[in-house]
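Both complexes shown next keep chain A, but they swap its partner, so chain B is in the first and chain C is in the second.
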Partner chain A sequence: MKTWPLNFRNSADGSVLFCDEAGGFFRSSEAFLERYAMGNLNNDDTEFLLRQGHAFSSEGDFQYVAFASRWANRVTPWSDLSYVILVPTLRCNLRCDYCQVSRVTEHATGFDWSSEELTRVINLLDGLKTKSIKIEFQGGEPLLNLADLQKVRDFCRSRFDHSEFVICTNLQSVTAEAWAFLDAADTHISTSFDGSDANHISGRTKTQAVHDEFEANLRNAISRFGTERVSALPTIDVNNPPAPEEVIRSYVNFGFQSIFLRRVNFQGFARKAYTFHEENQLWKSYYRRFITAIIAYNSVNEYKIEEFYLAHLLRRIFRGGHHNHVDLRNPNWLGADYLVIDYDGRLYPTDEARMVTRIGKMDLSIGSLKEGVDNDKLELLNAEVSINFNPDCMLCPYQAFCGSDIVDDLSRYGRIDLPKGQTYHCRSHLDLFDLAFELIYSDDGKVKSSLAAWLGVPDFCSDLAPSLS
Partner chain B sequence: MISLQLRSAPLPISEPLVMRLNSAKGPDLSNCSNHDAHLIDFEGETAEYEFRGFSIYVNCQNPEELDGDVVMLTPGRNILHRLIRKTSAHNTLLITEQCDQKCIMCSQPPKELHVDLFDAFSEAILLAPFETTIGLSGGEPMLHKARLFEFIAKANLARPDLRFHVLTNGQHFEPSDLAALKNIELSTVLWGIPVFAADPDVHDKIVVKSGAHAKLHESLALLGSVGADIELRTVVMRTNVNGLPQLATHLATHVPYAHFWAMMQMENIGYARMNWDTEFSDNSRNFSPIGQAISLAVTKGLETTLYNFPLCTIPEPYRRYSVRSISDWKQKYLPVCEACNMRTSCGGFFQWYPEAKGFAEIKAL
Partner chain C sequence: MATWVHEIEIPENMRPYADATIARVSYLWPDVAFEFLVDSIKATAAANQDLTKLNRDLRYGLYRAKIQSEHKELKDSLYRAVFG
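Entry: the complex of A and B
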């Protein structure tokens, strides 16, 4: 019998978590670690390792093929461009403290697509191989350039077999024409609501009157289109966070089931106004309090809610093939299946890359509509998007579930090759995965009930948290 | 119950004869092939079809129900087999009645004699409706694998729209079959393969063949490595019900390339009727191991479904995993179902379901 390489990490309770590269895991002891490291596995060990898929008897046998299949399913395949983030305007009618993209004022000129750029956008879309397209309109406030949104949507509907549109809007000021535009089954709304009226007013709307307009629009959107087509996420300032219970209450009150808790982004305007040192600990403890509050809420309510990112991590822990969330995947190919096109026709691998470039930190654009993709630069970036052979990640038990974020690394440290263990992305994900595994191995029935809801099954069975004594 | 065989007057033929019945009176020449038979008369309970200058007499209640059916007559017999019914999603060609396993719940116990009907089947599928899925079953169809592979490969060329659902015990795939497998369009075939337990002894006991579990896993790995579509099938019985959670983990771990897993309730016919009293596991009383197995498999990414379980015997949170699986021709509802609001989404019962010794709790929802 041969055992596939096991990475391990001590847990807070003194046990040791073991994971293989295909995402299989179990909890055991220092004594097993000793036996594993010294090659002194006993019969119970080998029986367990074979049964749980951590070993094989001979090359090419069914355990071997199964491991290969599970491993391959953890790898994000390269795929054709089918998800395009479009920024038809940088103008905005709000001036949020933590705006990520240095928006300009509502009536500024020169910050919308020119007619030539719009034509180039359409031409790029027309040249895609995909039959199914997802378009996300970002800004600025995209509804301020409704005419271009309409043209792109009309084109996509006629060009692709299936098309889907997401309008990332602040829902601050929605004209009758904009409501009519949003009233379509293929069109979704993604907005921001910071979890409490006080926080939303303080960070975004500034006055009660402006805030009331937003809230009325959000309620109107939900009543007209339902939460299947309207989603919201809160941006949290760790120095002034809303009480988790209040955020949960507000979101449930709107009818939302999923809350994607986002920290004020390091990119864009925010980095000038906010300090990011010594706040990681604050964020970690707030996030944990939030999850505890969700579990408590779920334990007494039929209608279960989730924190999107933790639920996503759990789904990635238990299943391969979850490559649809571009923030966390491996390899996180840049310039492949998704792409950002800015108001001036510049191309970016991610929205964060656009923000980093916009504040003048470094140019992370990968070409323009006019000149095409800068393949040399893209190749340079893509050299570091896999964590499979990164010296730090190779020994990390969470490797199979994690991914890379080189734009974040570049933004924070100005370099692509900092040892991963020193990056914010790595440290924050270690914390998140530690939390996820604490929950997976929890004996608390309330935790199990939430886990089942987040994983979309009726019951969370203890066999899902294997242990070897 | 829908009849799959109809009485007919014997014809002087030496080979099986395949034709498509057209029941609109008077031949429709716009859609005429030399395999089309046309209704020319219907009197009493006898429909007369014109076929290549001969008259075919078919005993039936209503010839309109046969319209578009692909049927087969065999030499010296007065039976007309409805091979492919136009309006049904449950058409299955019986490749052979031979089998090398004797599964204790088998609904179609094996017979020694084999008659090769592949040539007739090849003609029949050419007449099938567009984009039909056709079951290829037995017995064990892979006992005649050279002919089976050849049949599918030919069908892929002639009718690329057709899909096949092959029910096989997974005992006969060999590395030497790889060339033949690569010769067929794998996306058109779903291989339905039974696995009864994670424990080899329990599996082998159920299929009454020693070493079957080990051979089955070699076959699964071989199919998985070429990217074949696999449906794992597990009939729930007293012998294996308590091992279902372990089986769920086993399948998600060791057959992760399977497309989905179906847990099935027993069908009271064949060997299953003989073993019903000792093997029928009443899930209306104890659903727990099945529920756990679903939650485990789904959490680990293996899509899981329930076949042949009446909805009222499944606890509410698990009903969404149930599909209407019982073939139309052998399905029924009970009198209690009259008042049920879920009837349209429930598969009901097999025709031969024994009420007296069936589920303890059947109720209208």
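Entry: the complex of A and C
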């Protein structure tokens, strides 16, 4: 019998977690670790490892091929461009404290696509190989440039077999024409609601009257389109966070089942107005309180809710093939299936890269509509997007579920070769995966009930959390 | 300046992995100098260190280096099986 390499990590309860590179895992002890590392496995060990898919008898047998298949399913395949973030304007009708990009006032000129840029956007879309396209309109406030949104959407509908549109709007001021535009079944709304009226007013709307306008628009959107087509996420200032219970109550009242808890983003201009030291510990503590509150809520309510990112991590732990969330995948190819086009025609590999560039930290643009993609720069960036051969990641038990974020590394440290364990991305994901595995191995029935709901299974049975004594 | 010295004996079958282990723990413990001395690893620092944690990191480092080394061929076969 041959065992696939196992990475390991101590758990808070004194046990040791083992994971293989195809995402198989189990909990055991220091005694097993020593037997495994020193080549002294006993019969119970080998029987367990074979049964759980961590070992095989001979190369090419069923267990070997099954492992190879699971491993391959963890690798994000290279695919053609099919997800485009478009920024038709930087103009905005709000002035949020933690605006991520360089928004300008509603009536400023020179911050929308020119007619030439719009033509180039259409030409770029026309040249794509994909038959299915997802367009996300960002801003500024994209509804302030409704005419360009309409032109792009009309073109995509005629050009692609399937097209889907997401409008990232503050829903602050929605005209009758905008409502008519949003009415289409292929068009979704993504907005922000900071979890409590007080926090939303403090960070975004500033006055009760402006806030009432937003809230009326959000309620109208949900009643017209349902939560299948409307989503919201809160931005949390860790120094002044809303109570988790209040966020949950507010989101449930709107009818939302999923809450994507996001902290004020370091990448953009917020770094100038907010302090970020000690923030990691504060955030970790708040996030854990939030998850505890969700589990408590779910234990007494039929209508189960989730924190999106933790639920996403759990889905990645239990199943391969979850490659659609571009913030966490491996390899996280840049400029491949996903691209950002700014109001001035500059191209970026991610929206965070656009933010980093806008604040003048470093130029992470990868070309322009006019001049095309800068392939040399893209190749440089893509050299470090896999974690399979990184000296830290290749020893990490969470490797199969994790991914890289070199834009975050560049933004914070100005380099991509810092030992991963010293990066914010690594430390925060270690905390998140530690939490996920704490929940997976919890004996608490309330936790199991929430896990079942998040994973879409009837019961979270003990077979899903294997242990070897 | 006071010098803190600690020596951990390395079993014979783990000695081939001592160099790789030192390379890794050296960056995890930047204030400590490590040296392989035939049958042990010697750690030297200017101030006292957390001995329990250091011993564990050295032991885990040896385990990890051995696991990686022994499975290199197997990982190569996996890449061939998947990517051709």
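Basically, the second predicted complex is superposed on the first by the 469 of 469 C-alpha atoms of A that agree within 3 Å, B and C clash if a C-alpha of one lies under 4 Å from a C-alpha of the other, contacts with A are read in each partner's own complex, and residues count from 1 in each chain.
Definition applied: a contact is a pair of C-beta atoms (placed from the backbone, for glycine too) under 8 Å apart; a residue touches a chain by one contact, two chains touch by 3 or more.
In this text the structure is predicted, and so the values were computed from the model without any measurement.
Colleague: In the overlaid three-chain picture, which partner chain does A:395 touch, first (chain B) or second (chain C), both, or neither?
Modeller: second
Colleague: In the overlaid three-chain picture, which partner chain does A:198 touch, first (chain B) or second (chain C), both, or neither?
Modeller: After superposing on A, A:198 lies clear of both chain B and chain C.
Colleague: Which holds for A:62: it touches chain B only (first), chain C only (second), both, or neither?
Modeller: first
Colleague: Does chain B (first) or chain C (second) touch A:463, or do both, or does neither?
Modeller: Only chain B is touched by A:463; chain C is not.
Colleague: Check whether A:53 is in contact with chain B, with chain C, with both or with neither, and answer first, second, both or neither.
Modeller: After superposition on chain A, A:53 lies in contact with chain B alone.
Colleague: Check whether A:37 is in contact with chain B, with chain C, with both or with neither, and answer first, second, both or neither.
Modeller: The second partner, chain C, only.
Colleague: Which partner does A:383 contact after superposing on A: first (chain B), second (chain C), both, neither?
Modeller: neither
Colleague: Between chain B and chain C, which residues of chain A are contacted by each of them?
Modeller: 64-65
Colleague: Would you tell me which residues of chain A are touching chain B in their complex?
Modeller: Interface residues on chain A, with respect to chain B: 24, 51-53, 60-66, 69-70, 73, 318-321, 452, 455-461, 463-464.
Colleague: Residue numbers of chain B touching chain A in their complex, please.
Modeller: The touching residues are 198, 217-218, 220-221, 224-225, 245-246, 248-250, 253-257, 291-292, 294-296, 298-301, 317-318.
Colleague: Show me the residue ranges of chain C that touch chain A in the complex, using the header's touch definition.
Modeller: By the definition above, chain C touches chain A via 13, 24, 27-28, 60, 62-64, 66-68, 71, 74-75, 77-78, 81-82.
Colleague: In their shared complex, at which residues does chain A touch chain C?
Modeller: 2, 4-8, 21, 33, 36-38, 59, 64-65, 67-68, 71-72, 75, 391, 394-395, 419, 421
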